[in-house]
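This report refers to the structure that appears directly beneath it.
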């Protein structure tokens, strides 16, 4: 278990490492907040590249140091691109961030999120309802297929997602970041609650997505838990 | 016919209702201004969700209280998604806003806008040229297939679109909002002219689209005419 | 060869001509910076319209006075739309700007950029690595297929791209704009270096794309070299 001092030391080292190495964290992400994600990644010192075609997803998984996959605004081409990238990332043992936005809406989204179970992401970032629903989809403790994701909004509080988040983190061996009025980060062993966000953030589209993209940048240089912590502390 | 006092009272009630119920107004909209639409909807107190796949369009038409359909930046998938959503909205008797952007450009756009005639929107929002051209496409009085929509810009003034707007409103039984230097709103019986916009708004992409998205939020809680009025008063 | 005075006079005349004629410069461009491109084009006095479907690309090539084609965030539909637009622009002898973003990533991008060789753009705008790689792809002097385009970032300095830029400009008979810490503009005969940019611009996605879109607006009213100069002076 990390002490607070170790946490701070590792986070500071990660920030420095990103500035020094400009890691490339490619994205397959939604059209609503795609520029916000890119700009947030650039702002923290990373490099961004967004793709949709299958061979480009695979190439970016190989070329980059990490990746951000967000299942918002799906098109037919995502059916091939997302699994191809996930499989390549898994093969290359590259860290990647999964953003299960609007889990439960539509067949393709469910299919892609089910596939992710077989090539687990280093970090999962979502709101409370998405985390509970994903744990439900993956058949894990704390999950519920009945979690009501209303469009892209959460109808659950962050703390009600603790069991689901811990289950997901233990299953993936990585970390989970639950976004909300306060943010929860867990690696399945320790749980951190981060304050400092604003209720206004729910009224601005892409705060969660850009957090996911930034976590992907940090995941290129540090452990999933610290990457999630760095992103959350910077964005909130 | 509404008195000004009734108009103001109903508009104030609609603003309150949106704040209290956070209606979900899903969108199928163009990629240029998709974040502006979402942020405008969130800013007035609504909930936003954007989709492109056919089953997601249908699901969102069912899950939401209203919808915004903008035919900009079409992809092949729109051929199935847009009609599926329109039909579902019609069946569910849910209010939706049609934004006939760039009507006349391309075969698919014409096909989708012709389909809309069979499952009429509660509100149509466009610039003067788009409103005249849509009335022409639907064979209504005041319309003209010859209306010159130049790309996405209007080459007609708002007042020249009055007949077309009235015809469209009477045909749909809803309301029409014509955007320009001044804005015209009509339900086919009364016509309101709203001032307060800025010539700068023509130089910022998405002012019209975000207005359409906001009207969709209000349409979830109030009549088409008042919804169009609320959106127009807030955006200009 | 232009004198500095002639350059300034022609640039001033181009700015006036754009304000007076509001040229329509349609775009086929990436989803990351599509709103930035549109807003930049509107800000300088042009008219913008973005499309993805093949018949719309062709129609816009006919309806507009110039066009901007950026090969970022490709979808399957680009395989038909981009060549159709290029061929139409070539037939109509309309000026267009090519932005070879991320050249080398993926099969479709390479195919589209190879096609562009047969219907040459009036202006090519890219970072140093993209310009060197494109010259390499087209088999021109100064080019290198080995130029390392890292995602969408340049790993070469602007001055190292001089030979490639000159070769491309001579091949197309147009102009080339190389973006970076300083900007290089050449028509194959003279080479201008423009200062005034900021290192911050590398940290904001779309500065290059919006420059390309703006150059397309000016290309509607003036020679490729002056169009590239106008855009560069306005954006940096």
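Order of writing sets the labels: A, B and C. Residues in every chain begin at 1.
Everything below uses one rule, namely that contacts are C-beta pairs under 8 Å (C-beta built on N, C-alpha and C of every residue); 3 or more make two chains touch, one makes a residue touch a chain.
Labels paired with UniProt names: A, B, C = hydroxyethylthiazole kinase.
Everything numeric here is computed off the predicted structure, so don't read it as measured data.
The set of chains in contact with chain B as well as chain C comprises A.
The copies chain A and chain B differ by a rotation of 120 degrees on their C-alpha atoms, rounded to the nearest 5. Chain A and chain C touch with mostly distinct residues; of the residue numbers seen at this interface, under half occur in both copies. Separation between the centroids of chain A and chain C, computed from CA atoms only, is 34 Å. Within chain C, residues 31, 35, 75 each touch two or more of the remaining chains. Listed in rising order, the residues of chain C touching chain B in the complex are 22, 24, 26, 31, 34-35, 38-39, 42-43, 47-53, 55-56, 59-60, 63-64, 75, 77. Residues of chain C that touch chain A in their complex: 30-33, 35-36, 72-76, 102, 105-109, 150-153, 202-206.
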